[in-house]
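Letters A, B, C and D mark the chains in the order given here, with residues in each chain numbered from 1 onward.
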Amino acid sequence: MMFHGVVPPLCTPLTDDGEVDTASLERLTAFQLDAGVHGLFVLGSTGEVAQLTDTARDTALRTVVATAAGQVPVLAGVIDTGTSRVIEHARHARALGADAVVATAPFYVGVGEAEIRAHFERLHAALDLPVVAYDIPSNVHSKLPPALLGDLAHAKVIAAVKDSSGDLESFQRLLDATAGSGAGCLTGSETLADLALARGADGIVPGLGNIDPHGYVRLHRAAHTGDFTTARAEQRRLTALYGITEIPDRSRIGRVSAALGAFKSALAGRGLIACARTAPPLLPLTLAESRAIAAHLETAGLGRVS
Amino acid sequence: MMFHGVVPPLCTPLTDDGEVDTASLERLTAFQLDAGVHGLFVLGSTGEVAQLTDTARDTALRTVVATAAGQVPVLAGVIDTGTSRVIEHARHARALGADAVVATAPFYVGVGEAEIRAHFERLHAALDLPVVAYDIPSNVHSKLPPALLGDLAHAKVIAAVKDSSGDLESFQRLLDATAGSGAGCLTGSETLADLALARGADGIVPGLGNIDPHGYVRLHRAAHTGDFTTARAEQRRLTALYGITEIPDRSRIGRVSAALGAFKSALAGRGLIACARTAPPLLPLTLAESRAIAAHLETAGLGRVS
Amino acid sequence: MMFHGVVPPLCTPLTDDGEVDTASLERLTAFQLDAGVHGLFVLGSTGEVAQLTDTARDTALRTVVATAAGQVPVLAGVIDTGTSRVIEHARHARALGADAVVATAPFYVGVGEAEIRAHFERLHAALDLPVVAYDIPSNVHSKLPPALLGDLAHAKVIAAVKDSSGDLESFQRLLDATAGSGAGCLTGSETLADLALARGADGIVPGLGNIDPHGYVRLHRAAHTGDFTTARAEQRRLTALYGITEIPDRSRIGRVSAALGAFKSALAGRGLIACARTAPPLLPLTLAESRAIAAHLETAGLGRVS
Amino acid sequence: MMFHGVVPPLCTPLTDDGEVDTASLERLTAFQLDAGVHGLFVLGSTGEVAQLTDTARDTALRTVVATAAGQVPVLAGVIDTGTSRVIEHARHARALGADAVVATAPFYVGVGEAEIRAHFERLHAALDLPVVAYDIPSNVHSKLPPALLGDLAHAKVIAAVKDSSGDLESFQRLLDATAGSGAGCLTGSETLADLALARGADGIVPGLGNIDPHGYVRLHRAAHTGDFTTARAEQRRLTALYGITEIPDRSRIGRVSAALGAFKSALAGRGLIACARTAPPLLPLTLAESRAIAAHLETAGLGRVS
């Protein structure tokens, strides 16, 4: 089964000039594989897909596909505003070697539920690759209804769902609606991963997994074997680590900028990527913020890798 | 001055196969020019920019630039989620002959105010063409603050603002904040155009102008000469015509689908475009809805052109 | 006709001890009457109805009814969460001499449209007094649909609407929907009053009218006689005066606290009320903010009355 | 410790005439006590506090206090828009025998965080009774920040929090922020109760507990003793039962009306209350909806009590 276990949404490291830093991305990918992740999600929100040009997206996807070299499936985000655009991205991702594509509902123009259904049906029909429905209401400004996802799963239009809504009640409805369809249910939550797994999630897609994949792999393994006490303890540790996203000053930058800046600052601090910069218009962290993150990592015992 | 008068946001006619119908687009463009519009806005929300591929966008822009042939300025929408993507679209639009580009704040990832500022500054710096800031909170899910727009206008970063917020109080603040900067202030409202002009708007960008440009040209001329009684009467007539957007059943399709479907149905009814279909995932109107729109047009005395 | 002209939503002056300052309220009321207002609205949002106890509400209403002494109608806000509570307030207001009551849709518990309709029908049936529907989405978190208000107006369930949505497009729909019903349409906007009157509003309910009722009376008179140039000039002056609500620091207090604090500070500065304090939990302005407001008033030529 | 275990938010049964049905309320209260609940919450959102007059609220509170007769603590909702109003309700609830009061942030007028803090501080200072902060963003339209609640808990301003946000991530932050303060953390979720308890919740306040308190008592007991497998099974059963709230047609009535109507219909079906009506403006369920709920109960094996 392709959609299970720990599937980190990879950050896309950039050089000082703003190009994709392929050496850093290879290092980050290898680090994830070495930690035992079960899949890789490229070009998600955490991968700054919305800020990258098509060329940069290509480079990122090619690099991860080459580094993964078939060891684990590679899921590619195909995030765009309309159906035809998403289909183009999806066909291209397939050509570059992606094993599945991850698509949201249309956005910018808000559409009705029948139109969301048509969107996924057209994408599925146009593509010889599994489709993962990506539910991220904070970015798309609408929520994918569990009942609709259940229909699409049973009709084999979608092969999995990535739920980044943070809403466990709706996640439970999703599990119930998709039960028996064979579709995987993944949560995007960093801090409720143990609970989602306890409820029956097939896998987890935590942005924080970039920094500490070993922790999430341990958490998942414990939960998978029914040892929720261990999973809970690991979750508690990871939730404390997630506190790095609270460090950047939110009066200056947005919530996502703060989280992405913190992730990249921590990755640079661990020596996994060369440069912590994010893509425009996301503003970089201040020196003081980066130092606070470094101190947080040190307290957490997460030093330089290698 | 480039940003004044009536600047309709052109619909993008499609063939039954979903390709851009260039013959219809030429006819629609010529109809607008004949009516005396002062500019043309291609690839706006009304132009289904979010649903069109890059190829389709190119075709639409080339067609309008060629048909306009320099008679009026052509503004091109460069709507995308991040700064680098918008810059790419903008450079491309310039190469295809656009006279100005129209860009929103970044979306999908919500950013802070300093990041919105950086977005427009980078776009301006990368481009040898005037930039129009497009404020459309219903789609972008954030509002461009009038004070920020005033700053950007006085710094010559932006050359105009298209305000599709529907909020006249904020539009007044925009007028005050940009006063003396030389930047144009355009409203996207179909139904408050007379009031926006009375307050000092430089121009109007009404989607309904696709169907009845003569009406908006008359409205604008009257307001421009201080004859608000005539402007008001014309507005009243056009507001009644705008009732066609209320006809489609909103339990089936989204608000924008309803409006775009109604516009295209009316354009087809007037013989200006060959086919009323919209781009996926927007669903077409029903036959009953199309007939109700045809009846509405007949009542309004808007028959076939030619 | 009871619902027309300038109907200021009176502030409720408080003593240093937090009691209703009846002497100040009498002075403020007399000042309004002297300026030629056409009605008085007690216990609206501007009157801090949500922060006052029932006893304080009674005192405020009694004081205004006594001071008005039948010269103009007194409208009483009966703002509460549920139908039975609103009916109790309304019967009580009638007993104290109110000429009409002003009620919102139910809030706290969000209800469906049929339930909003039932709410107003029950209120009307329980009361021998005209009911004004109060549309204030920023506080109630739902918008009263113009079509519903039209139905209620034609059925004589409501006698007027006070629209504090700030949305002129919807106000136009309201005017169209209620046309011929005899119901009055009032706008709560301080800064779009001239435009609302140009569109056919029967009256205006501006919070800023507490401070400068003469200005709004002049604006209304000009608009009423079709002299929109004068109305526009007066509106421009009043909009500048409304800038006092921008002075308080919004990182410390809420938007309404800022506006109410500014109004009361200005009233105290003009000598109309003894003390600028607002009701808990609304926090007072700082000394610097109060001084900035005083300076603004001086620039505007609005000195002490008497 | 007063704030722990199962604390059902009691429905308020009404007669056909809309009066509080004290006999039914006594029966419902006795049923809860018999099931082994640890406390009773009167006049919450589920108790229709927003729809009841002060007189009806009094009757409900008196009835429950008398029936509970000191066996378990009685918490009284003091839900109102402003601080002074809440203080009045709280003093009154104390006089009637409540053991604690439950208060939201101010609503109708949105206030700043410093004003929310002042609100709870004033309430605490005015009252010789524990204060429970009630976080219910769907009704209040703002979220109580966990950090603020932590401050108030450590300062002994609040004695507990009832979290009805449905957001387990924020609930975890709340647990962390209040740790060591002695304040109780209760969840209002019907369907995530097991997970909240696994995370360390002190208690649960499930509306569905009205219908099946035995289930929630079993769930709590299992979780309390660390038997999360049993808790999970019980939760699964209760989540299925919660499906009764999905039966009413949401195009006709609001979300809360649907849930309250379903609860009361089920209570009437079990013979616990005489009449299923809700308070105006909440509309009653249809006969078909009531029958579907009865069928659902039967399938769930929840027959008439006695």
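Note that a residue touches a chain if its C-beta (ideal position, glycine included) is under 8 Å from a C-beta of that chain, and two chains touch if they have at least 3 such contacts.
Heads up on the chains, UniProt names are A, B, C, D = Dihydrodipicolinate synthase family protein.
Predicted model, so just to flag it, every value in this text is computed and none were measured.
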Item to check | Smallest number of contact steps required from chain A to reach chain C | outcome: 2
Checklist entry - Is it true that over half of the residue numbers where chain A touches chain D are used by both copies, so same, or is it different? => result same
Next on the checklist: Which chain has its C-alpha centroid farthest away from the centroid of chain A?
Outcome noted: C
Checklist outcome for this item: chain B turns onto chain C (C-alpha superposition, degrees, nearest 5) by 180
Checklist entry - Centre to centre, by mean C-alpha position, how many angstrom separate chain C and chain D? => result 35
Next on the checklist: Centroid from C-alpha atoms only, then distance chain B to chain D, rounded to Å. What do you get?
Outcome noted: 49
Item to check | Residues within chain B bordering two or more other chains | outcome: none
Checklist entry - Which part of chain D faces chain A closely enough to touch in the complex? => result 166-169, 172, 189, 191-192, 195, 198-199, 228, 232, 239
Checklist entry - Which of the residues in chain C end up touching chain D in this complex? => result 18, 45, 48, 50-54, 56, 79, 81-85, 88, 106-112, 114-116, 118-119, 122, 138-141, 250-257, 279-283
